[in-house]
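What follows is subunit A paired twice: with subunit B in the first complex and subunit C in the second.
Moving on, here comes the complex of A and B:
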């Protein structure tokens, strides 16, 4: 790299319009997940329309579902399950993955070898299949779902964090810290973690998308969130009977999932290079 | 130099074998976590203490988990998949025909996906940055960031509801003629094709671009080679390895896709059997199906790695 002085343009974070639009949609769903239940015009479990798969009207914004329940309220409530469960799972997966990855990179030796080998093996079980087997074994409830999703995506987070940490670990300031006699927890938290927060956050975003997709897939198979509760995947499953008439009860939850996942993907793609790129 | 290849490939196969062992332990361990006693659940109303104890002994449930695991693994290695809890039939009989159906679905999809994806991937790398490339890339981001079942429902909306070419969702299991067969295959294949192609195009395009960016390809352009000649004669031979690797890797997405697609379209394959057996908690059946899927997945991943080793001398160190 040639010597050049940072100009204000390069110091600031630049984000494209696509990125801002995507961020707005993500923020919108996050807010809905929190305050959604107070915005609901009807209780999500109440049957308020005698017609099933009703069209969009002024009274029922998104029509009614297969039992005549208000789809608008059910979407708002579903946001809470889809976003909440996925967020909890991704935080759990990435936090433990990053901590284990950094520890493995710093300590090395047999701890690193065994952990990497076992987690790689876990990684070579197809995610949907793993979800299926676990749900079959333990039964489906929200804590189980969060734990299963976290376990499925832990190896990926571990591998990513470890590859970053291995690079940082070879840098001079880490060697200096080690020569000072600092212990592993200090090395991990004070020397390595601050240097990889950007890429790790981008990785959290991508993993969040995978988890939303898997959760929706499991719910669609009837193995995810169980009735009477419903996330967006379960909403599609419940109302699949309305597909031949293209009822809004099927299309709206699908659009909700797509808008969330595509926005997160676009947001990550358009993040300022400074945050996203690995420090190699 | 060449003497290293067998060693590296064998090493990779060894890793795959160890992985398979760990995977089998996970699958077995997961199904051991079932709350409650299997014998009690099986007997239901008739669960007197004596009957439960008798059944436990008959099913070897009174032995330590490690012994059970070993005997299960031993049976598996000999092709003995156990007996279904739900209807007491040998699991192998239940799976046989259905595995063939699933393989047929996968083969048809792969046969269509590979040429299509390679053409799109290579051409979009060739005309990088043009409108054509942007349209292809946007479609790919769209497809890979939505769940498979959405593509399936979209396919139903387009082909069954709007165009009315194919029936929506209701596929019988009786196949009479070739026309009938095609109608059964059409929708699942279209859906799987979208999922697999998206991954394959993305990886092919990336592999191709990394070769196109190398100095010797630029040299070819500078000395006056036409664009197609530059891509096909100069760049492609070096990109073949990464592309074949990409193809094998994307085919492993079939495993996930097939689970959703068979359920949506009620296709009589092994994935549908497995999803159904989750509802009845038929553990031997779930274990066997899970192992079959894991083996398929592992074979594809290992194949991709071996191809990468064979095609790239730099990986041989």
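Moving on, here comes the complex of A and C:
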């Protein structure tokens, strides 16, 4: 008897192989971020190897870092910080950016003008510098990091959403809804948002990657996640001294950052497409 | 004499995103003799443009020529390499697109774009190409032929741009010119001039042409033979006279009968004048742009327009693009609040802006837009689109709402299952019915119809008009029917208001049309409507001093 699995095709979706591969990698890192701490063979702060920048062995899968700590455990722990902080920041930045952008496009007038100028001004401050100053001033903690990253990427998300919404706002179906007497919340949520989900998701993916890179950059400068904890960016910074020896302690976290960011991008570009054939 | 074009058993297929293969052209064969103009006619989706494009060896993305042959001057374009096709395009076969405005690069001067073909194919030196372009401008009756090429696309009118795109096609002396609905987007008075220019140039150059159109009356003026298509299959081929007067195929007869204007025969005339009119517009002035010191908008579109609509009757508003007819609808609906003047519904004054009107006032006056493609939210299923006004105006929920949606779909003759589909999955006519059903969902008293049949095929448009009449009988509606097409307005309206330049030219009783027009502008407008008669174009007197 044939058992039919609910494949994307049976559910009426079409997804490319690139999309499946990227989704698998992203899912893998997401799972690691959640269950990582239970898989760690050693506590991430403990020095267990007498050598530093040790090679990959059966005991220490990814070698040891500059203090002789287990890299495998530190990567597993870092996933939680990198994925978690970036995800929280990107959701905050894009959700508020998109809502503000749509509201500005629909409302227009002084609300639009003031909001746009304020966010443009914010956008004009170099992002790394702004991050450095903010973190240095307030002190580094996870909520502060999330908030700073979200603020840095909000103007971009706002501009993007506003430009899309301005175009949709001129369509006849929005005019019809206005003529019906609908208020702004209905207009933005029911008429405009469903028509920009595709581009907005692509923007979320792109911004997620930027945030991962900026977070890694901040950590690299010592302003991100503080020791003994570390995100992947901090791992690269801590072990940068191992670069001349091609130590796994510096290559593995770099590969982890690359695999996550590239996969997110590929996934967003290859999202499942609903098959809607009129001939069927 | 051998035929210039021989199409034999042409088949074109498209692949959908599910990997299904759909035949679009199912074995079409016909010939074109040198110097002959053949028209491809049919409704949208009949494959007429697809066939025309195969003459250049081109298909739209996702489609491919899967069988048959298209030979042009003895060579099969289907078998050609991409390089050979490139060499052929522009010099042997040229294309005049539907929308000239989209075909020109707005950043380049017209002359440089017109002679581009000569530059690409190096057929002649540039000064000679320029001289030839000026000659063509003159032949196409463009004003100031020496200097018009120095302008940019936005500096000439739509009709002139269409003629310039013909000049672009003709500069390489092609043997065959493909016209893809070149006058569909133009006003009737402009269409006449463009048609006349095309006809004289084609005749003088002895070129063969393929004229793609859905409008039989336009085709009658220019084509020697007509190919009637439906669903990718040839229904009938014959000389123009024969197709028009002795159609053999039932589908051709249907097309012809849909074209004949059906005068609006009303069972009982409502005693209109006595009562308060359901809708009254008094001295409305409206426009766009910032308000000037005199509290008038920068660009005035409506200059003191008044009209009245008696309950249960229909008012037609007719005019060319830019006449302010759509702006009138927007001013009445409150989407463009008038700078001055009054709009009264059932004798009660309405607030100028829609946002200030009560829900009840909004409900009683509904507006239906021309393009159902953009008037229906593409991301929401039909059921949601129809359900929203039900919840919004009447507070319907759950099963009561579903019942009413089914009832509405039934009213506009659509199957119930359509409620789960997205607008993109419906045909143009179906979308326009949904568009109408959404207005009906409010239980309105007046519906403003803004060019609602203009984007539809003749047969489909006729069916929509019939539906409007039926709904009027059942639901006691009154329509304001805005159109540029005289025959549609005649088919449904009691009174017709002719607009030009934001002013009312005159208001006429529909049964006195078209010969009852007294004002010279209305007479010109009505005379410009193409007739199903091959000699009509040559019979229309030349318009003196037209500056468009």
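The rule is simple: the second predicted complex is superposed on the first by the 253 of 280 C-alpha atoms of A that agree within 3 Å, B and C clash if a C-alpha of one lies under 4 Å from a C-alpha of the other, contacts with A are read in each partner's own complex, and residues count from 1 in each chain.
Keep this in mind: a contact is a pair of C-beta atoms (placed from the backbone, for glycine too) under 8 Å apart; a residue touches a chain by one contact, two chains touch by 3 or more.
Note that the coordinates shown come from a computational prediction; the quantities given were computed from them, not determined experimentally.
In the superposition on chain A, no contact is made by A:95 with either subunit B or subunit C. Ranking subunit B and subunit C by residues of subunit A touched puts B first. Looking at the shared chain after the overlay, A:265 reaches subunit B, while subunit C stays out of its contact range. In the superposition on chain A, A:175 makes contact with subunit C only, not with subunit B. In the superposition on chain A, A:195 makes contact with subunit C only, while subunit B stays out of contact range.
After overlaying the two complexes on the shared chain, residue contacts for A:126 are found with subunit B alone; subunit C is out of touch.
Looking at the shared chain after the overlay, A:67 reaches neither subunit B nor subunit C. Judged by the document's definition of touching, no subunit A residue lies at the interface with subunit B and also at the interface with subunit C. The touching residues of subunit A, when paired with subunit B in their complex, are 117-118, 120-122, 124-130, 132-139, 209, 213, 216-217, 220-223, 233, 236, 240, 243-246, 250-251, 254, 257-258, 261-262, 264-266, 269. Partner subunit C is touched in their complex by these residues of subunit A: 14, 171-173, 175-182, 190-191, 194-195, 197, 273, 275-280. Across the complex, subunit A is touched by residues 16-18, 20, 22, 333-335, 354-355, 357, 359, 362, 366-367, 369, 371, 374-380, 388-389, 392-393, 422, 424-425, 438, 442 of subunit C.
Interface residues of subunit B, counted against subunit A in their complex, comprise 18-19, 22-23, 26-27, 30-35, 141-142, 145-150, 153-154, 156-157, 160-161, 168-169, 252, 255-256, 259-260, 263, 274-275, 277-279, 281, 283, 286, 290, 293-294, 297-298, 301.
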